[in-house]
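Below is the structure I would like to discuss, written out as structure tokens.
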Amino acid sequence: MKRILVLLLISPMLPPASAWAADGGQVIAIRAGRIVTVAGGIIENGIVLVRGGKIEDVGKDLQVPGDAQVIDASKQTVVPGFIDAHSHLGLSLDALSEIDETVQPIAAEMQVIDAFDPTADALAKAVRCGVTTAMLAPGSRNPVGGQTAIVKLSGGSPDRWLLRQTAGVKLSVAGDVLMHDRKPTSMPGLITMLRERLDSAKSYTAAKFDPSTEVLSRLVQRAIPAYVQAQTVDEVSAATNLISQYNLQAVITGGDQADEVVETLVQQKVPVIYGPLLLYSKDKDLKRPAKLAGAGVKLAFSSCSPRTCAADIRTSAILAVRYGLSRDEAMKALTLNAAEILGVADRLGSIQKGRDADLVIFDADPLDASSRVETVIIDGKVVYQRERT
Amino acid sequence: MTEVKSVCLGGIFLLFPLLAASAGAERIAIRGGTILPVSSNPISNGTVLIENGKILAVGADVVVPGGAREIDARGKFILPGFMDAQSCLYMVDGEPRLLQGEPDWNVTDGLDPFIEGWEEVLAQGVTAVYVAPPAKSGIAGRGAVLRLNGARTPAKLVLKADAAVKANLGVSLNNQSSSLARLNDYADLRETLIETQAYMQRKRRYEQDLAEYEKKKGETGKEDKKEGKKEDIAAKEKKPQDLKRPDKPATDPAHEILGKVLDRKIPLEITAHRMQDILNALRLAEEFQFSLILDECTEGYLVAEEIARRKVPVIAGPVSTSFAEVPQVEYRNHDPRNAGILSAKGVQTAIGVGGRDGLSSKFIVTAAGLAVANGMDKDAALRAVTLTPAEILGVADRIGSLDAGKDADIVVMTGPPFDTASQVVTVLIEGKVVYERKPSP
Amino acid sequence: MKFRSSMALRVAGFQPAIRRRDAFDTWACLLLCALLALVVPPCLAYGGPVRKKIAIQAGRIIPITGAEIKDGTILIDDGIVKAIGKQNDVTVPWDAFVIEAKDKVIMPGFVLAHTSDGLDTPNENLPEVPFLSTFDSIDPPSPFYEDSLRDGVVAMLVLPGNYTLLGGTGTVVTPHGRTVEDMLVKRYVGLKISLAPIQSTSRMGHMQRFRRYMDDLKEYREKYDQRKKDAEKDKKPFDEEFDPRKQSMVDLLDGKLKAFIYCAVAADVPKAIEIIETYKLQAVLVLSPDCYKAAPLIAEKKLPVILDPQLVVWHTNEEKNEEEMKVVPQIFNRAGVKFALQTDTSSYGRRYLWYQAATAVKHGMNRDEALKSITLYPAQFIGIDDRFGSIEKDKEANLIFLTGDPLDAQTWVDKVMRAGEIVYEKDKDERLKKLLEKPREKPEHENTD
Amino acid sequence: MRIHRVLLILLLISAVAASAAAQDQVVAIKAGKVLPVSGEPIDKGVILIKGGKIAGIGPNVTIPEGATVIDAASGVAMPGLVDARGVRPIRGELNEQSDEMTPAFHVSLAIDPKSKLLKHNLQSGVTTLYVSPGGENIISGLGAVLKPVGKTATEMIVKDDAALHITMGSDSTYGNDIPWNSPPTNFYYRRPGTTMAVAWMLRKSFFDAQKYAEAHKQPNPAMEVLVTALKGGIPIRMAARRAIDIRTAFRIADEYGLKIILDECTEGYKVPELIASKQTTVVLGPFYYYPHTFNQYSEGRECNWNNAGILAKAGVKVVLSCGADPDAADLLTVATFAVRHGMPADLAIKAITVTPAELLGVADRVGTLAEGKDADILILSGEPLASTSRVQRVLVNGRTVYQAEQ
């Protein structure tokens, strides 16, 4: 019985190999005016060859096979699909409370995938704006919120869209956790509680089975990463202290004021999934992502959807560029950095041989607000094509 | 003699600076840039000439008189100042937002000219905003167009007071279903307008009665005089009992304002998200013949033809739901393509930021850019944040485009407005440089 | 009452202070006083000092309106200052009673231009109650008045609180007396208008209410006048009474009453100015600390101002990430605005007017100007400067005797003189003793042991 | 791109280097008068600062070449103030409400380094303050000593877990629910409901701790703290306002052989001899004329303005503090008025500098101006206890952290 539970809890880490077999051997060739490979620089007037849902090759003078379906994007820009690195996309229609199991503060056994609706309208909207992958996380009202998942926004059967059922565990040291009639009610209470639980996870043995501690024990063994929600300086400091104390493989999410303790983050090599950049921020706050990236922190963007629209991780990147982030860094934050932080860079985040063919074609520079998404391809399949009028 | 001389000299010295001030100091020429006048085609390497705060001339071959101050805009873009028609900039912090207002509430009473952060909005090239009382149900009150001129009194901030009366149809208060609000708002609004009709009728009748009374009184007075002290019964009978000064009906400020709406002197701006509410607003406008402005209009794309047919202008709501802190239930069918579709179908469409915070207004150009990304025509989008809102709110004679005779509210940018890299370099309001970009260190 | 009679006795007898008085003695004194109070008609009780002519020989005199005088003499006759000057320059009449105060500093008693303390409920729930008067709400036994006297305040304008739109009219009292009639200096002074919206409504609704009231008033007045005119024309008797609830507002509009307009945030100041100009009011602004932002506007309109008891506020400079200290009196002083200072009891220091003035001086304000802001200016603002606020010939002798410099924290008010009569003496202040000394062991405690 | 990053890193490194240089920088303050508190006042004194510490103090200290000179010829220099019960730079709850006994509540984990209160406090001259947990639990936890400079709480803290806080009286009873008000499943359905229960639960905690010290199966951080406190490893501070609570505090302390420090002590003036006989230091504050908060109404109505003076006269070591009240007058004003009401001036100055420093166990670093101490210095425009004196400059660790506008 326990074994079965364990199996249920620790879900398959990799989807079956059939995930992209559906499209068989179809070949697509995209003639692009500009290819932003992210990992290998920019190729002007190049070709991306896609076969069986994977990128077969990318380069300037490639041979296009005769049976290939050719997409002419010779005046356009091809980029890797964007990754929303921290979101609640498709988890609930409008009630944010759906994503927090707050009855008990430690909810490590909760799996966010169980609340995910792959047919939600919001997914299609996100795709239309170039988002192809999202990390789904529980909310931040529990010290331990549950297990995160990584999904592609392609829809269809789960073997197509499910990348990771347990991608990590969401922790939170943000003020949202504190409620007046549930333990913990105070910041020290919260930190102490997390410490106690992580301590007991260290000495966890399967003999004394406890579903929540089981998951946490994987966390302290660095088997899975922790996504720690922390916004203000004191919260980020508390998070970094916890991370170093338990030697966690961890990522800060939110990180509103993380730039003010950037030295620690650089030293501990903790990446930040920033944001969302709210569309009523002060100039001072809009400059923060640039500061983080400039100091050498690995940066990705979060939409926290539905707090903001998932499509707006691109808006976040555009604003960050307007306020000092370099275009290269912004592009990386939307793609490769996010893939690396989530541990899926072997498949996503760049246009390289062998990577998944998750591509977005823009009519102009994707980091200009007015640029349009023309085509979105996930696993080699065109999932969105802009109507022309 | 010497005394006289010195007096004369003194007089000259006194006069001189006055003359100099009136003659030379008020002329500015912005030269060498690409002008996007919005109202007409772009002009490359053009000049905008400003005198006494007004635009004197715009064109490629404008002769700049001597003594004018020159602003070098070579390689830059010159545009009219941007306008956010859905702003809450300058609203007093912490004002309750979930209340019902009344027609005679005036947004200028809720303004805080000392608010911080407006400079950040100005620095993005926004020179005017339209603000309305924030109430979410029923009639909210009167809105005004404001200028970001740094004035410390509401009176000086206001470009146009009573630009519109704002009302709501079916806006939810707490992210719950708004179906009750929908019924309630519609019935209330209609009832109030019917009451106003009755009020106006009473008022007109009083005016007629008063005129008649004055007339009759004058006549009887004359008769009295004519007949002198002769008091015959006929004359008494002529003086009927009801020749009394008619009672003035009590003035009701709320109905006074709505009366102006019914007389089409002030437009009624109705915030409506769902298709049903939009149609209800159109129906009300038809019934009462007021001039309608649709605000937010989230599901407008579903009934764009209908709106276009009635020639009702729209201030299209937030392009992205990210502008609102917590998405409302009304945004369920939100589509970022809304503004583009409305505009393409021929609706006069302005774009508003629709943010929860005054600072959101600084993203108006980004919002227009996002509308372009979602299908709107570039020129229409630029117009939607400059001339169109000015037209809708009745200030197009003053601002909104670069045309001779308009106020010199001008923005100089380093590049085209929708490019991320473009920065605002100079902002003028009424011909005064109110913002200049500091060279980055 | 009890206090004053005993003082009068003391001055008459000029005995040295009785240091210790046993319980019986106190009670006897109290009884005697109560009897006196019954016997002596109130008008006589308020009628003036026992001594008509008094000469105070002071170590130092701060007259406020003139230069300080060292070793000076003040001559008082029937409660009125008849002469003030150097000891050598003033001849003391042979029949004058001389008060030796060589080690004391004499200055005019402090004036508080605006307070709602000491009212049982300062704010009425209904927003439009201009017909109310604080006269009916002043609670003489309130410790606030006792403390004020102890702290050297001789006159104060008691106005309704800050959260009623049209709150009512004020009363100037002296913080000494058994009944409000005893305390009265001037009735029907100032009308309180508050621009702070009560919680349930917004600023827009608040102003709408105000405008509607004013429009209704105008309409009522016009109709009333019309009826009156018609009656006169028709030679009919006209005995309709003008609505008494509206009278104070009419007096305000006619310039017979001053408006005291409370601004809760800086944004209210332009509105207050708009109201003042629209209705052509005589007005004093009562400001919250935030209003320092509007100092230039106020300076431009040359409006008198009463500052909030909180004199230092903080402004967050987002760019520099610093907290900037804003000293409100300093800002208004630099802008050239005349102001009066207020007190409250929230924290140490702020309950004393002299401490408020010292805070202003601490941050660079001119000392004379600071002293004026707690004496002469408030007296001017509330229209009692013909009697209070400075030591001048022909003004009432409303003085305080200080043990040292007024702005020194170790200085105490030794005596307070109200119209030539000593109404407070520190030596006799039993309550102050109780507040500062170790309590005596209780007798019953001894019994049980 | 990369060059940018390199440049930025270089900039960062240079910034760090610059701050290190600032630490090594030599600063000399020339003051019209120096009040070292530990010794006699020095007219026209010089304070020499090296590496953030005081390197020399006296009338004839030679100023080395290249030193930055702060000229305060008309000013008075004194040690930075120490608030032994300072404002709380904490966002949100001050107590962990899930239990009445939270000895392992580390207030240092709740400190918000961006707190505006700290910055305001610093400008009024407080350079060291003790942050205590809130008083809503019987044993509410461990306080920390910090200096209000630094980017993170870790940088700010001078001494963590500096004392254990216990609150006597009825404070901890408020909010606890009675069964007929709400179901027993309610979070706040628990003891204490009376001051009797407060005393009983406190006794029981110490009793349990003694048992725990003898033998235990699993380590319990809360018990560890209590055991350390019982052994005298952590000072115990008990807040008591009424005389009866002060007596109870001493009674329980005697039962367990504890040495305590009394906080608040509003009615201490009623029992000065008792307090003096226990050789207890008292941390007074908040000070008020009339009660205006709930706590003051409930148990602090009978305040004596001269509480400090009466206790000092009886031989009690008195510390003046703002009483963790963010709206309180600043510390210098508190001392000024303590003197006005009857406390000797020299004791009042000590009560906001050296006495609290000793109490907090940081007297080796702050509280007086002497060689080797931290250069936490206050420059005033006049005598510290004059109401017209103004804080002109504040230095912490030798660096100017606040300078008044001229």
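Per-chain numbering from 1; labels A, B, C and D assigned in written order.
The rule we apply is simple: a contact is a pair of C-beta atoms (placed from the backbone, for glycine too) under 8 Å apart; a residue touches a chain by one contact, two chains touch by 3 or more.
The shown structure was predicted, so the numbers you read here are calculated from the model rather than taken from an experiment.
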| item | value |
| --- | --- |
| A-D or B-C, whichever has more C-beta pairs in contact | A-D |
| Most widely separated chain from subunit C, with each centre as the mean of CA atoms | A |
| Whole-Å gap separating subunit A and subunit B, where each centre is the average of the chain's CA atoms | 42 |
| Averaged-CA centre spacing for the pair subunit D and subunit B, given as whole angstrom | 56 |
| Subunit B and subunit C: spacing of chain centres that average the CA atoms, whole Å | 47 |
| Set of subunit C residues in contact with two or more other chains | 318 |
| Residue numbers of subunit A (touch at least two other chains) | 282 |
| In subunit B, residues with contacts to at least two other chains | none |
| Touch relationships between chains, expressed as pairs | A-B, A-C, A-D, B-C, C-D |
| Residue numbers on subunit A that touch subunit C, as the complex places them | 282, 284 |
| Residue ranges of subunit B in contact with subunit C within the complex | 92, 95-96, 99, 101-102, 104-107, 109-116, 133, 141, 152-155, 245, 248, 250-251, 253 |
| Subunit C to subunit B touching residues, read off their complex | 200-208, 211-212, 215, 219, 223, 226, 230, 265-267, 270-271, 273-274, 293-294, 296-297, 318 |
| Subunit A-touching residues of subunit D, taken from the complex the two chains share | 1, 4-5, 8-9, 12, 90-98, 102, 104-114, 141, 151-154, 186-188, 221 |
| Touching residues (chain side subunit B, partner subunit A) in the complex | 117, 120, 123, 175, 320-323, 325-327, 329, 332, 335-336, 344, 353, 355-360, 363, 365-366, 368-370, 372-375, 378, 381, 418-421 |
